[in-house]
Every structure is written in structure tokens, then in C-alpha cells.
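The first chain written gets the first letter, and so on, giving A, B, C and D; residue counts start at 1 in each chain.
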Amino acid sequence: MSVLLQQLANGVIQGALIALIALGYTMVYGIIQLINFAHGEVFMVASYGGLATFTLLPDDLKKSPAVALPLMFVGGIVVAVLVAVIMERFAYRPLRNAPRLAPLITALGVSVFLQEAVRVWYPNATSNLPYPKVFPEGSLSLGSVNIAWTGVLLVGLSVGLSVILQTYINKSRMGRAMRATAQDPDTAKLMGVNPDRVIVLTFIFGAVLAGVAGVMFGGYLNNINIDMGFQNGIFAFTAAVLGGVGSIRGAVIGAFIIGLIKTLAGQYMPGGTQYDYVWIFVVLILVLVFRPQGLFGEPERVRA
Amino acid sequence: MRQHSVKSAAIVGAALLVLAACGSNKTEGGGNNGGSCDTSKGTLTVGVVAPLSGNLSALGIGIKQSAELAVDEANQKCTVKGYKLTVSAQDDEANPAKGAQAATKLSTDPNVVGVVGTLNSSVAQTVQPILRDKKIPQVSPANTNPTLTRGNDFLTAPKRQFDNYFRVCATDDLQGPYAANYLVEKAGKKKIAIITDGKTYGAGLAAELSKQVAKKGGQIVGQETVGEKDTDFSGVIAKVKALAPDAVYYGGEYPAAGPLSKQMASAGLNVPLMGGDGIFDGKFIELGGKEGDLATSVGAPTESLATAKAFVDAYKKKFGKEDYAAYGAFSYDAANAIIGALAKTIDGAAWDESKRDSMLTNVGSYSGSGATGEVKFDQYGDSTNKVLTVYSVTSGKWKDVQTGEFTG
Amino acid sequence: MSTSTVSTPDTTTPVEKRSALAPLGKPFAAAGGVLGIVAALLPWVTFTLNDGNWPDKSTLQFFDAPFAVTGFRWHVLLLGVLILVAAFAPTPSKGRVVRALGWGLTLVSFVNAAYITVKGGGLGAITALDGVTAFGSIVGLVAGVLAILAGYGIGIEPVGEWKFKVSTPVAYLVLLVSFAAVLYAVAAMLTTGGVGTSNPYSGAIFLSFLGFAAGVLGALSGVGFIRWLSALSEQHRVFSVIVLAACALLLPFTDAGNEYWMTVAANIGIYAATAIGLNIVVGLAGLLDLGYVAFMGIGALVAANFSGAATAHFGITLPFPVAAVAAAIVAGIFGAIVGSPTLRVRGDYLAIVTLAFGEIFTRSAQNNIGGITNGSNAIPGIPPLSLFGNEFNKSITLGAVKLPAGVLYYILIVLLVAATMAVFANLKFSRIGRAWIAIREDEDAARAMGIRTGKMKILAFLIGATLAGLAGAVFAHKNGTVSYESFKFLESVTLLAAVILGGMGSIPGAVLGAALLFVLPEKLRDFEDYRLMIFGLALILIMRFRPVGLIPDAHRRAEMIERADENAEEAHVEAKKA
Amino acid sequence: MSTPVLEARDVSMVFGGLKALKGVTLTLDEGKIVGLIGPNGAGKTTFFNCLTGLYTPTTGQVLLKGNVLPGDPAQVTDAGVARTFQNIRLFPSMTVLENVMVGRHVRMKQGPLASLFHGPAYHRGEKAARERSRELLAFVGLNNLDDELSRNLPYGDQRRLEIARALATDPAVLLLDEPTAGMNPQETEATQQLIFRIRETGVSVVVIEHDIKFIFGLCDSVSVLVQGELLVEGSPEVVRADPRVVEAYLGKPPEEVQHDVEAAAASAEEEQA
């Protein structure tokens, strides 16, 4: 029983992390129907950005978590946003009217490029790097279940930010513009919405969330490596698909489901943790085949 | 559009030129001339096959540079009379097919006297036969899979596989059981959980350990595998924690082991983590290795070996930092074995391909004291250096707690 | 939703620019040509570099041997002369030709200048130092840029068209000479900079040669020669194929005929065959497959398990042809399974399904699923193929000629590549191929034409996977070991990069792409750490600037194919009569 | 009375909560041309998609010569119903001839093996398909353009190519979705003649069109669709005279409607140019 509870807790924390990344996928897909394959790498780059920020701090500031931690978040987010904006402007925007495969292949290229760039140019990035100990230490013990405080923080941030995002998109003027562009870019344009601005903004929102996720990832797990983006990116993409691409709520719920599948499959399914990824991919394939619109998406109408 | 690309090409070109425009290093970099040694007979090459690009390049570059260090020293000391030595490093991309290509490239060069490499056992499998056909000795700094030297039934019916293949590192069937003895007999940990990264090194090590644990009356309570690129181990830890082990043995390398240890502690699983030489690295502690964690390593403790310190100092002097990585010292020893054997083979005469047979014999009978201890090979090509040391993390540093030979 | 548009930057030269440069065209070309020749005669390096002379006597010692213009300086000289000839002789599409030659000159000068400065250290090496001057590279660069500008000044007209017809014997001769030149160029390209490990400048020499070759090819293409030649080879398709195959089989007899290049060429061939299979899926049917290398892995595993290797699982040893067929079939079945979500899933989602499948494959193979992959220990010791007692990895002697080791593998793989090319070409010009292209262009419209799109897409996956499985079987024996590490995600990306670089849907493109992705890393060891980064960047840039790839899928003229059909039919009818 | 070639019985289509079609019934007799008109958003294209199998009707059936059509566009085409698209959907980087040959797909017997090995049967089949395609191209008036990429054709030619491509499937029924959109009067006239000639070959035709004058001049029978419901059905004369049509169709007298539509056509043409 306590194992189950512990695994559920682990799953929820993983889900919270995946949710932050999945939102970026789902928003971009909702607007321009692009699987932004490189979004996972934005998350990875943000993590290194946060670490770099810490490294650059003067020594006395490093010792004060109250200063260092917010600065790391800022650093991570700034790097993520910069990368995302550059990527959108120079890689994706010129291809907006290209055949469908072109932006997808570009996204793949961006992904490989970012990962390699960090590996080659970030000092010692060839192996895992430790994350600074400025995060709250220790853990919350509920009976036999142990939850690190950083995990609690991660869940809080993830749920909080997705609620804010959902509200913003539903209530604000820009949010309406986003939804309009997602529905019908041409009409939205006629209504005076600048699609370029909306798209850039979408990328920025995704990057901010990925930035938070990147820094929190380091804080929660104490170590980062250049492969974290690819792996978690795939999980996040699966979550977005599971929830129904384009749906904010769906992405978050999908992410928690994926987190739980991973930990529970590792615990209870045959093959154990060796095959926990495999189950996620199996779920992905099953969802795509049997409910391609996801749990919360509308069935797609055929355009003729 | 075209205008743009012309412009940017021009800018890039200009930038490159400006970057390069730091005057001239006309006098620098030519230090390979071997000082005052006689190099009249030409140049001979020590090949290196290792991953120089991709994820494993840190290890590969450590191997390459350590071999370069050995060659430089030999050039300075005029170890090989009449010849200048160089290193030719080939990238195998950790891919067996590319490894074969790299080996072919080296094997077609008559001046290649020996090859240091590979890192991956799977790459070694393709490299071995190619070099054997040309009778080029291959000394691996890092392959720990016992089948490479002694075949599939390495315990029951060992049989030499390739007479050109040697290695200076310890095999899994030595290190694993030694660790098992320590855990069960010395530390009294009867219930042991195993986690591996599923790669040749880690899985092999863990397999040998578990056999010995059972022999000594201990119990393997569970076995889990994590992905080699994982960073989050919470699922595995929760699973292992439920089994209430006395210790966790991790078969793999420090990048995952450090965080694993740390996450074990924060998940409330406060038992020592033990691993092989793959986790015996300062980075393990940096990444979260905790007090009381254990590791085995080949040879006697470094502090007690003047040769090891000398290697580290020389490496730092040549390359500026200590990035020789896990297998640097082994690679240095491997290169020195080749150089030593070459010096003996040539012995004032001239190199030609007819000398390859005696070169093989001389590598086999090489004996020297290297950065990892005594370097010598047994009848299978394995290192005879069977001295192992158990280290423990004590006040933020690795400290040796037991040194000895595995005796069964 | 959108249509694929091919934008060729060449045709969109800004008008302003042309008008501003127009009067300068000829003078610039003249200056560029003359400076190019001067650059070839000037010294390039002020001192002997640390690792020895810059290749081919490019230091001041040049003037000790004034006629020994070799290596890249010979190329520079030639380019300079060609620029002058092109600018002042009646040349079709003059601007294009001059521009291409200018680019060649710029590239050659730039590569050499960059290597001298980086390797030799500093600008001093290519300017003036200790009272010695060596401005060759700078003059060369200036000449190249002038020629490029001259090209724009003269004006970029459409590629020249050669109307004249030639008789069959002459055509055969032209084709023979052209393909022989290609063979020579390939061999030269492979062997530039030496095979051994000794030459520290091999990368520079190779790149420089590549720049020269690109310039000359660009010029030939601008003149219209390439177009004429390809039309000619279309007309004499059978002859061309035979000559091309013969050229490929003659490679072992050239300078590149050594064990090392045989191995490299064999590896290129295996990946090229796989890439052609991928090209069916990506290029023809327009389905992105990100886990494609898994099919090669499956084929290799099947072949390995039936090979009689010590760790093979089934304990059955099948002769290679049987095992290869089994490998192809098993891979094909998996291809169909992986492709089956296409019945429900749209293109870009499918890419993710294939990625997931690829990851499942590596994971399972690493964990030794079913005991057939031998996990992380791999399956080593797969015996090399042999024919009449000749092991394929040994050298053979034909009469007086001793052929390098691995030549039999090379021949086998050339045949494999030829077979996959034939499969690709035949399918492309068939009912199925048209259906695939229709699906790629507009899936809804394709369905409205009665094409069972789901079935066709699965067929694409099946055939692609079958070819990959076949290549995998050869791969297993060629390398002697099969490990999951050979079939990871990045290998899929590499294959995809090969297809895209060469040109989606284009057969020679896939071979060229695979060749470049294999030869470049071999030649450019200085950049090996940047290999993957450059791949990534290349994918981005190609999609942005040249989505059709290096050798675009030139739409074959229907009449050519028709003629082939009719010829075949006539032949058939006559055969019946006889 | 003989079975109609195409019959839609009580077809309804619901998207989410939106009722796009409410029990539409339509019959097409052999050798006839039926027109389908209605204001924007009346459900014409939805209805078309139901006829071609792109949508499966929520209720109701579509029958071809008395047989229920399968709910899959490919099989519908195979059964003998071909279509064109409102916004032309050719295969842009295929040649003109290849586009039409794609239309021959369902009528070719070439299997995977023949495709792979190019035996004599392949060459015969390809030749036959090519000849038939050429015939159709000549029929629609596209001579000597075989090797042109379809995306390089002028607009009117693209429309005709699309019709040729549809005819290549040897259909019993041809569905044309706004075949004259964006055409000038001469081109429209030519299209009308083309459709008459298509009818002469024994193919029955359903046309969706905005241009009422064109429809009335072309069709044997006209159906008016308003807000998903069939308002009126009958000969052009009957429909023209029906006051409900006039009212529903923009709420203006017929002459003005006429005028509007022509103006719209003219402006569309300008856009094209």
C-alpha cells in the first residue's frame, strides 16, 4: 500500500513537470498545427540557462537562496524565451506556407542542433551536471510516503501556472486573439489580429512555462543532462496528444496520466522499470489510433 | 534571399579571419619534434579508436588525450629509437559499423604499430577481427566484458578469442565478485538490491556480483534497470525501497549513480549505494553521492601510486584541465604498453610489417608500472593486475577502506 | 491546405542589384579572372607550417619550381582561366557560369586561407610576416567575389538549353566519357589528402577540391551541359544504367581501390540502400518516419540469429540468401504494423508513432527481449559471407590484379543499391507510385480519385521496411556484430538527413546524401565534434533555402517513359513473333 | 420508372450540436444534369461530402443505381461517383498527364508485382491508361500540355484538368463543385458546353453553383437548399417561378439576385487575375 501511495506521489510530481512542457506543445500545435519537436530542447536549454545564471552570480549571492533562486528562474526563462523566439522567427516563420513535412523536419533539425550546441559549448555538458543546492531541502513525510519539498513546489507551480494560463486565454483580449487565430487564421487576420504577434506570443508562453519547468527539474532532481529535453519532450508530447492537442486542460490532465502511467507501469507491469517508457509509447500509439482527437479534443472535421 | 546568403557568408568569413588574426603562432605547437631525439627513420603511429563525437565523447576524448600524453612522453624520452611517434585518433561514434571503418583505416596504414581502444565492448567486437587480420595489437582501456577475451563460456571454459587483443582494465567477473565479498562478508549487508543502466558494463558487473552474493549467502532482493539517460529515479527508488534492502548495488557510471544516491536519500532510503570503477570519480560525489557510498576500483589506491600522481600532473600540465575522464589512466597505460613493446620489437632496427608477429608477442609479455598499477597481461590478454580497492565516501571524498586481490 | 512550391533563389535575383552591377559585369569578370590567375602564381604561406609544408608547395619555395602548379593552386589557375573564357567567349547563360566559377574560386581560396590561418596560426601566415609576403589567398578571395558579382552584373538568365541532337554512337561516347569523368572525380575526391593517417591537411585538401568541383559543376550546369547530358542519358536509359553500374564496379580498380575505401563505400552503400527505402516512405508517400533505422535493426537481428554466430538464438543456420529474405520479410511485417496507424492518424502524428516505435525497438533490444538480441552484449562473431570459398572480407586476386580486401562486399552492396534503386524507380513510375505521390500532394483529393490511401500508405511502409531489412541483413554480415547501439534515434535522423540533403523523392539524391554524410565526417576530422550539430543545422537550412535537396526530383518527361514503354512492348511483340 | 442513377434519401448530418443537413432527398436520373443551389452556408458542400463518402450521413442513405454507397471516398469513386473540388485540388507537382493518370488508378489492374517488375502487362496497362488520359484531356480541351506541371496551368485550365481527372475514373455520376467559380462569361459558356458534352457520353452530372443563370441554363432539374433543408425541387422554370426561392435566396427579386451573382463572379475573376 505504501508503495502504491509513494508511486502515486512520484507520478503526480512527474506529471506536474510534464504538464509544464506539454502546455507549450499544445498551444503551438493549436495555433499553427506544428509539432514543435524542439520544444523539449527549449526546456533543456532553460535548465542550463538557470544553471549558468547561478554560476555567474557573485559568491555571496550564491549563498542566499532568496536571491539566487528567483534569479535562476529569470535566467532560465530568459534563455528559453530567446531560443524560442529566434527559433520561431528564423526557422518556422519562413516555412509557414511550406508543405507540412518541412516545418516538422526543421523542428527535428532545431532539436538536434540545440542539444548538440549545449553539449559542445556548455562547459562539461557532456555528462550530467549537478544543480546548485539553493532549493528547499528535505521532504514532506506523510506516513511512509516521502515527498521532497521541491516536488511539492513543482506541483504547486505547475497547477498554478496552468490555471493562470487557462484564465488568460479565456478572458484576456490577447487570449481571444489566440483562440481566434487557432480557429481560423484568415478570418482572425481580417478582424485585425496580427497572426505573427499571436504566434510569437504563443511561443513565448510555451517557453516561459518550459523555463520554469527546466529550473524546477534541476531543483527537484539535482542533476541535469542534455538528453532531458528529448525524453521529457516526448513524454510531454504524448501527454498533449492524450489530452487532445490544442486543449490546455487536456494537456495538464494528460500529463498527470502519463506521469502516473510511468511510475505505476514501472512498479506493476511485467518487465518493470526496464519497460516503463515502452508503456508510455504504447499508450501514445493506442490513443493516436483509437482516439486521435485525445480525451478532450473535438473530432477533427475533414476539410474539403 | 540570395543576397542575404552572400552577405552572411561574407560576414562569417570575415569573422573567422578576424578570429584567426591573433598574429601568428609560428613558433608554437611544433613541440612534437621530440627534442633532441633521433627520429631519422620516420614516424610510427599509435592508433586510437574511441567515440570522439556524440554523447560519450567526454570518455573518448579522455582516452585520446591520455594516449597522446603517453606518446609525447615517449617522444621526449626517445623511448623508440630512430622514430617519432604520433597518435592517430579515429572517431567510432560509439557505433560498431563506424568502429569497423576506423579500424580498417588504421589497419591499412603500415606505420600503425598498435591501437588503443575501444570504449564500447560492442565496438570492440567489430574492431577485433579487423585488427587481428593485420596482426595489429589492440589494447583496450575500457572494455570490461569478459567474453571479449575468454569467449562466451568465460568462467567454465575460457578460450582466447583474439591473439591481438589485450586490455588493461579489470573485467566484470573480477570486480563484481570482489564487491559482493565486501558487501556480504565485511559490511554485513545480506539483502542487496541491484540497479543497472542496462549497458554492457553495468549489466555485466551486476550479473557477476549477484552470482557471488548468492554464493556467499546473501540475497538479491530485486533487480531494476534505469535508462542510461535518466535523471529521475523516483519510480525505481520507491520500488526498491519497498524491498527493504541493506544496500543498493548500481551497475553503471557516475552520471546516473550520483543523482540516484541523492534521490535515494531524499526518498528515505538511507542505505549505501555501491558501484564499480564507473562511479569511482569525484563527479559522483558532486552529483549527489552521499557519505558511506562505496565503489570498487582496479589497483591500489592512487595516493599510494607515484605513477598515478605523475600521470595526473602531467596530464594537467599538457591539457590544462583534468578531463581525462574515467578511462584516461587506463588509456595512458595501454598506450605505454604498446610503446614499450614497440621499443623492444624494434630495438634499434627498422620497422616493417614483418615485425608485427614479434610486436604481438612483446605486448603479451609487456610488464610495466603504470598509472593504474602494474600493467601485465595473462594468457587471455586480460590484465593481471587483479588488485582491487574498495573506497567509501568519507567527508566528501573517496577514501580507501580495503585493498586486496579477489581470491574467490 | 498548402501546396508545395519550389522556389529557386536563382530566378529571384533582385532587379535593383542587377541594374547597379550591370555595367560592371564584364570588367569585374575580367578582373576576377586575371586576379585568379595571379593568385595561383602568388605564394600563399609566409613560412613553413608547424606540421610541414602547406600542401603542394604553396609556400615561397614555389618560385624555385615555377611550373609545378599542383593541387589547389592548379585549381585556382584553372578557375581563373575559365572565368576569362566564360566572360569573353560566347557562352550560354554567361552570368550563371561566371557566378558558379566565382563561387568555386571563393570556396577554394577561403578553405585554404582558413586552414592556413587556423593551423598555421594567425593572419601573418597569409599576409606578410618577417619581411615575407604571401597574399595568394586574399587575392584569390577578392577574385572569387569579383567573379560572383560579375555574374550578377552580367545577369542570371535561365539555364541554357541545348537543342542539337546527336547520333547514337556519339551519344554513347559522350555518356561514356562523362561517366568515366564522374568515376575519376569520385575516386579523386575519396583519395584527396591521402588515405593514411599522416596528412594533417587532408580535410583542407578535400574541402578545397570539393569547392573546385562545385564551381566546375555549377558552370557546366549553367551552360546547360548537365541538362543536356541528363536528357541524353534519359534517351539512352539502358546504356546509361549499364555504364553507371560498370563505373561503380570499376571503383576498386582506381586509386580508391583499397581496403579502407572499400569499407567506407560498403557502409555508404548499406546506408544508401536504406535511405532509398526511407525515400519511398518520406519522398514518395510523404510520410515522415523517425524510427526507420529500427527496420534495419530488425533485419540485422534476424540475419544475425540465423547466421550461426555463437550467441545466435535459434540454433539454426540458414544460408545467407534465405536469411536475407527472412530478414526482409520480418522487417516488412513490422513495417506494415508500424504503418497501420496511418489508417487513422494524419501525417505529423504518424511521425511521432514511428518515433515511439523506434524507441520501443531500442529499449526492447537493449533489454534482450525474447533472448534474441543478446541485450547489451550484442551478437558478435557473425561469420563473413563467402562465395565459392572466398570470404568476402578477404582480398581476392583476379588474374594479375590483386583486389583489395572487402571488394566482394563492395560488389554485393553495389548490387544491393542497384536493386533498391530499380525498385524505387519502377515503383515511382507505376500506378502505386502515382498513388503515393498523389497522397503526398493532397490526401483528400487522392481519396476522391479512388485511391485507398490507408492501404497505399501501409504498402509504402511495408516496402520501405523490407528494403531496410535487406540492407540490415547485409549490414550484419559486413560488420560481424549486431548491437542495439547501431540503431538508435540519431541513426534515423542521419538517414533522414541523407534523404533530405539529396532530395526527397530523388534516387541519385539518396545515394549522394548518404555518401556525403559518410564521406564528409571521414574527411573532416577536425570537425568531428560538430558533426551532429552540423546535421541539425543542415536540416534547418535545407528546409529553408533548398527544400528540394541537392539533386531535386526532376520530373521526368512523360514522353521518355512512354518511349521506354513502347520500346519494351515492341521488343516483346517481336520476341513473340520470333 | 427506372431506378435513378443516384439517389439521396432523407440525408441528415449533425456536427456536434449543429444540424447541417435536415433530411435532404435528391434523385438524379440517368443522363440528366441536376443543379444544387442555395445561399452560403446552406449545406451544399456538406451534402456533396455526404454524396462522395467523405462524411457518413448521420441518418439517411445515398444509393448509386439502387445500391447503398460505402462511407469511404475511395470506394465511392470506385463505385462510380467522381467529383471535383470547390477550391481546385490538383496534385500540384505532378504533370497534367500524370494528374489524369491518377484518375485512372481505380480502373487499372496493375498490381504490386507488375508495378515492381515492369513486365509486358505493365507496359500495356500504362499505355492504355495514357491513351485514355490523352483522350480525356483532348475532350476537355487541354491538348499538348501533357508535361506541364499542373500548378503552372492557368486557372481555367486547372478547372478543366480537374474535370478530366474526375472523368478518368469512368464515373456514372460526376459531381461538380462550383465549376465556374472565378470564370469569365466566355469560360463559363465553354464550361456549360463541356458539361453538355459530358452528359452526351452518358455520365449524369450534379452541379453546385452560385451562378443562377448558369444553373438555369444548364440543368434538367434544380434543387434549392436553404439552411440544410431542401426548399424546392423541379425544372428550372418551376424553381425560377417559385416565390419562396426568391425570398429565401437573399430575399431579393430574381433579377437583382442575378445581378449580384454576376458582380460577384466578376470580382472573383479580378482576384484571380
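Assume a residue touches a chain if its C-beta (ideal position, glycine included) is under 8 Å from a C-beta of that chain, and two chains touch if they have at least 3 such contacts.
None of the values given here were measured: they were computed from a predicted structure.
Of all chains, the one whose CA centroid is most distant from that of chain B is D. More C-beta pairs touch across the B-C interface than across any other pair of chains. When each chain is reduced to the mean of its CA atoms, the one lying nearest the mean of all protein CA atoms is C.
Separating the CA-averaged centres of chain B and chain C is a span of 36 Å. Annotation: 71 Å between the Cα-based centres of chain B and chain D.
Centre-to-centre separation between chain A and chain D, using Cα means, comes to 46 Å.
Within chain C, the positions touching two or more other chains are listed as 3-5, 367, 444, 490, 529-530, 532. Among all residues of chain B, those that touch two or more other chains are 57, 198, 225. Among the residues of chain A, those touching two or more other chains are numbered 274, 277, 302, 304.
Interface residues of chain A, counted against chain C in their complex, comprise 33-35, 90-91, 94-95, 97-106, 108-117, 120, 230, 234, 237-238, 241, 271, 274-275, 277-278, 281-282, 284-285, 288-290, 292, 302-304.
For chain D in complex with chain C, the touching residues are 52, 54, 72-75, 77-78, 82-83, 85, 89-95, 97-98, 101-106, 108, 110, 112, 114-118, 120, 122-127, 129-130, 146-147, 149, 151, 165-166, 169.
By the touch rule above, chain A contacts chain B in their complex via residues 2-3, 6-7, 10-11, 13-14, 119, 124, 126-130, 138-139, 141, 146, 148, 217, 220-228, 231, 262-263, 266-267, 272-274, 276-277.
By the touch criterion given at the top, residues 3-6, 423, 426-427, 430-435, 437-438, 441-442, 444-453, 459, 555, 557-559, 561-562, 565-566, 568-569, 572 of chain C touch chain D in their complex. Interface residues of chain C, counted against chain A in their complex, comprise 1-5, 282, 286, 288, 290, 340-341, 343-349, 351-353, 355-357, 359-360, 363-364, 367, 444, 489-490, 493, 496, 500, 504, 529-530, 532-533, 535-540, 543-544, 547.
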